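The data blocks that follow each hold one structure.
In the two complexes that follow, chain A is the common piece, with chain B as its partner first and chain C second.
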Partner chain A sequence: MRILVVGGGCGGTILANNLARRLAGEIRARKARITMLSASDQHMYQPGLLYVAFGQMMPDELYRDQASLLESNIEFHVDPVEEFQLDQDQVRTESGKIHQYDVLVIATGSRIVPEEVPGLTEGAETFYTEESAVKMFKALREFQGGKLAIVVGVPHKCPIAPVEVTFSLHDYFKTRGIRDKVKMKYHYPINRIHTIENVAKWTKPEFDRIGVEYETLFNVKEVDVKNKVVKSEEGTETEYDLLISIPPHRGMEVIEKNKLGQGGWIPTDRHQLTMEGRDNIYVLGDTTNLPVSKTGSAAHFEAEVVADNIASIVKIGAPVREYDGKVYCFIEAGHDRATYAMFNYQNPPDLKSPNKSMHWFKMAYNKMYWTSVRGLL
Partner chain B sequence: MTTQTETPLAATVADRDDIAHDLEQLSELATLVSSARDAMSDELVTRVASALSEGITLLDRLTRNEGLMRLLQVLDRPESQHLLIGLSEALGAMSRDIASAPPAKGGIVGILRLAREPGTQEGLRSISLLGQYWSESMRELHRRGSG
Partner chain C sequence: MSESKIIDACNTFCPGPLMELITYMKQANVGDTLELLSTDNGTASDVPEWINKVGHEMISSEKVGEVWHIKVRKTK
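Take a look at the complex of A and B:
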């Protein structure tokens, strides 16, 4: 059984490691082979970028060599896929090499596309890449007070990010002793302040308490960089001195170019996690079009299900598990307090009061991630 | 009657003392937890988590290392331990003898003299047997596919 994993991010790595453990005997007996193709020899802990934007982590703390995270029985190549030839059960890579498979796992992730909103790239700070997170930190350091606007593009990775960055900004300015000089305004594209209803209910009084204004039904149309005004599709506008954005996202270009899914999101069976119409192709993490958050935790829980199923197909010829839509998100709530949201297809999250222990759990998880991505936790 | 009325009272006082003692212990525990919370910092939590994370990874690698597990099984046998102790003692004695003996003069006569020593002959026999069993063991490991 030739298993090909395309993408070495959180989901792809957890899946490959998990599978390599389950199929150790089969791999040794040459009955199974796991190959991973990735675009980079480095693995980034993406949630750490928010900490970089506030000077709480250095960029080099976010990286590990991808090969060092993989089980030794996984063949790893830094050679991204250019063409998916699904009818021939093969892919062609950037180097021109053809990889054939019996089972394919696509976990290519997502990318930011701020260029889809005129003026957003030049006018706003963000933290979704290493470069932008460092730039945002420098902009925050220079900011001495004025109007700060937070805008949110859709769809975007990590649904909690808009709320977390707002709490973090409040804390940051408070620590610097200039919070009273900063007028913070939060904008959200739907008619409540968060897409998850219970998160919206919990966040509203918290924003009231820390003095953050909010405007809902604000879909960013364009940023007038010269006059420092951000305009919405709904016809409203907000003036700013510093603009922080959660940029809109798309799936990876290779998915769009190969016409595997609109916007780079592959149509995926919500329980089996197979690509619609293809039983030997699994889709993981951000790459799916599932109605779940685009987060590392969703990719993690999906990877466990897919690994279990591929291993059981190898061993008994049939899948054994179904994904229930489980997602777990930490929510940093400022003042060294945090809470969490856990939910699935059936049950919405029930948020508890934030506390210090949850904040430390999150701090600890920032390091435990490397154990998690190796498939140990 | 007197005894009957005094006994529950004495028991109540004793119970109260026990409760007070328990509360004192709980209060001490709460102070300890509170103190630990105050002493903790993000940095400390991060460092401990980092060490724990690497520790778990190392433990996982070691416990899934079949060669290491087999080696530990071999070392668990008394004869393996005796062998290692014997080897260690022999190395120590050899080191002392070499340090105290004059440098070898060289030449064929010296080799012949050494070859006549019973210890040399036993040593050669041991090396020969070691080679024989080692080769058999290596062939067995390769046959099992873990060599």
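Take a look at the complex of A and C:
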């Protein structure tokens, strides 16, 4: 059984490591082989970017060599896929090599596309890449007060991020002693301040308490960089001195170029995690079009299900598990308190009050991630 | 030529039905019809509120069994 994993991010790596251990005997006996193709020899802990934006982590803390994270029986190549030839059960890579498979896992992730909103790239700070997170930190450091606006593109990775960055901004300016000079306004695309109803119910009084204004039904249409005004599709506008954005996302270009899914999101069965119409192709994490959060957490839980199923297909000829939509998200409520949201397709999250111990658990998880991505946690 | 698309947002809490609709609306062409399926009762009022404010067109809204079927058209 030739198993090909395309993508070396959170989902692909957890899947490959889980599978490599489950199939160790089969791999030794040459009855199974796992190959991973990635665009990079580095693995980034993406949630750490939020901390980089506030000077709490350095960029080099976010990276590990991808090869060092993988079980030794996984064949790893830095050679991204350019063409998916699904009818021939093969892919062609950038170097021109053809990889054939019996089972394919696509976990290529997503990318930010601020350029889809005129003016957003030039006019707003963000933290979704290393470069932008460092730039945002420098902008925050230079900011001496004025109108700060937070805007949110759709769709976006890490749905909790808009709330977390807002609480963190409040604490950052408070620590610097200039919070009273910063007028913060939060804008959100739907008609409450977070898409998860219980998160919205908890966040609203918190924003009221810390003096954050909010406007809902605000979908960013354009940024007038010269006049420092951000405008919405709904016809409203907000003036700013400093604009922070959660940029809109798309799936990776290779998915769109190969016409595997509109917007780069591959149509995926919500329980089996197979690509629609293709029983031997699994899709993980941000790459799916599933109505679940685009987070490392979703990718993690999906990867465990897919690893169990591919292993059981090898061993008994049938999948054994279904994905139930499970997601677990830490929610930083500033620089010293946190809570979490855990939910699945059937059960909404029941939020607890933020506390310091949850924040320290998150800080510990920032290090424990490297254990998690090895598929050990 | 305009297209019709069904968006299955049943049993989802995040990103949620209206956020799903906004995502697909961005991908759609002017004139396309989108039908949102949702098991969240709040969707029946959330969607018309946004559609009216942003200026797209509500076509219909009905509950069949436990599922809301809300049809809208992209107009701009």
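Quick note on the criterion: the second predicted complex is superposed on the first by the 376 of 377 C-alpha atoms of A that agree within 3 Å, B and C clash if a C-alpha of one lies under 4 Å from a C-alpha of the other, contacts with A are read in each partner's own complex, and residues count from 1 in each chain.
Heads up, the rule we're going with is that contacts are C-beta pairs under 8 Å (C-beta built on N, C-alpha and C of every residue); 3 or more make two chains touch, one makes a residue touch a chain.
On a predicted model such as this, the values are computed, not experimentally measured, just so you know.
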| field | Which superposed partner A:98 touches (first chain B, second chain C, both, neither) | value | neither
| said: With both complexes overlaid on chain A, does A:58 touch chain B (first), chain C (second), both or neither? | reply: neither
| Taking the superposition as given, does A:374 touch the first partner, chain B, the second, chain C, both, or neither? | first
| chain B or chain C: which reaches more residues on chain A? | C
| task | Figure out whether A:155 sits in contact with chain B (first) or chain C (second), or with both, or with neither. | result | second
| task | Using the touch definition from the top, say if A:346 reaches chain B (first), chain C (second), both or neither. | result | second
| message | Once chain A of both complexes is superposed, is A:356 in touch with chain B (first), chain C (second), both, or neither? | response | first
| query | In the superposed arrangement, does A:291 touch chain B (first), chain C (second), both or neither? | reply | second
| field | Intersection of chain A interface sets (partners chain B, chain C) | value | none
| remark: chain A residues touching chain C in their complex are 154-155, 159, 189-191, 195-197, 217, 219, 233-235, 248, 262-263, 291-293, 325, 327, 341, 343, 345-346, 348-349
| said: Can you tell me which positions in chain A touch chain B when the two form their complex? | reply: 21, 28-29, 56, 336, 356, 359-360, 363-371, 374, 376-377
| said: Residue numbers of chain C touching chain A in their complex, please. | reply: 8-9, 11-16, 18-20, 22-23, 26-27, 42, 46, 49-50, 53-55
| message | Residue numbers of chain B touching chain A in their complex, please. | response | 37, 40, 42, 45-46, 48-50, 52-54, 56-57, 60, 64, 145
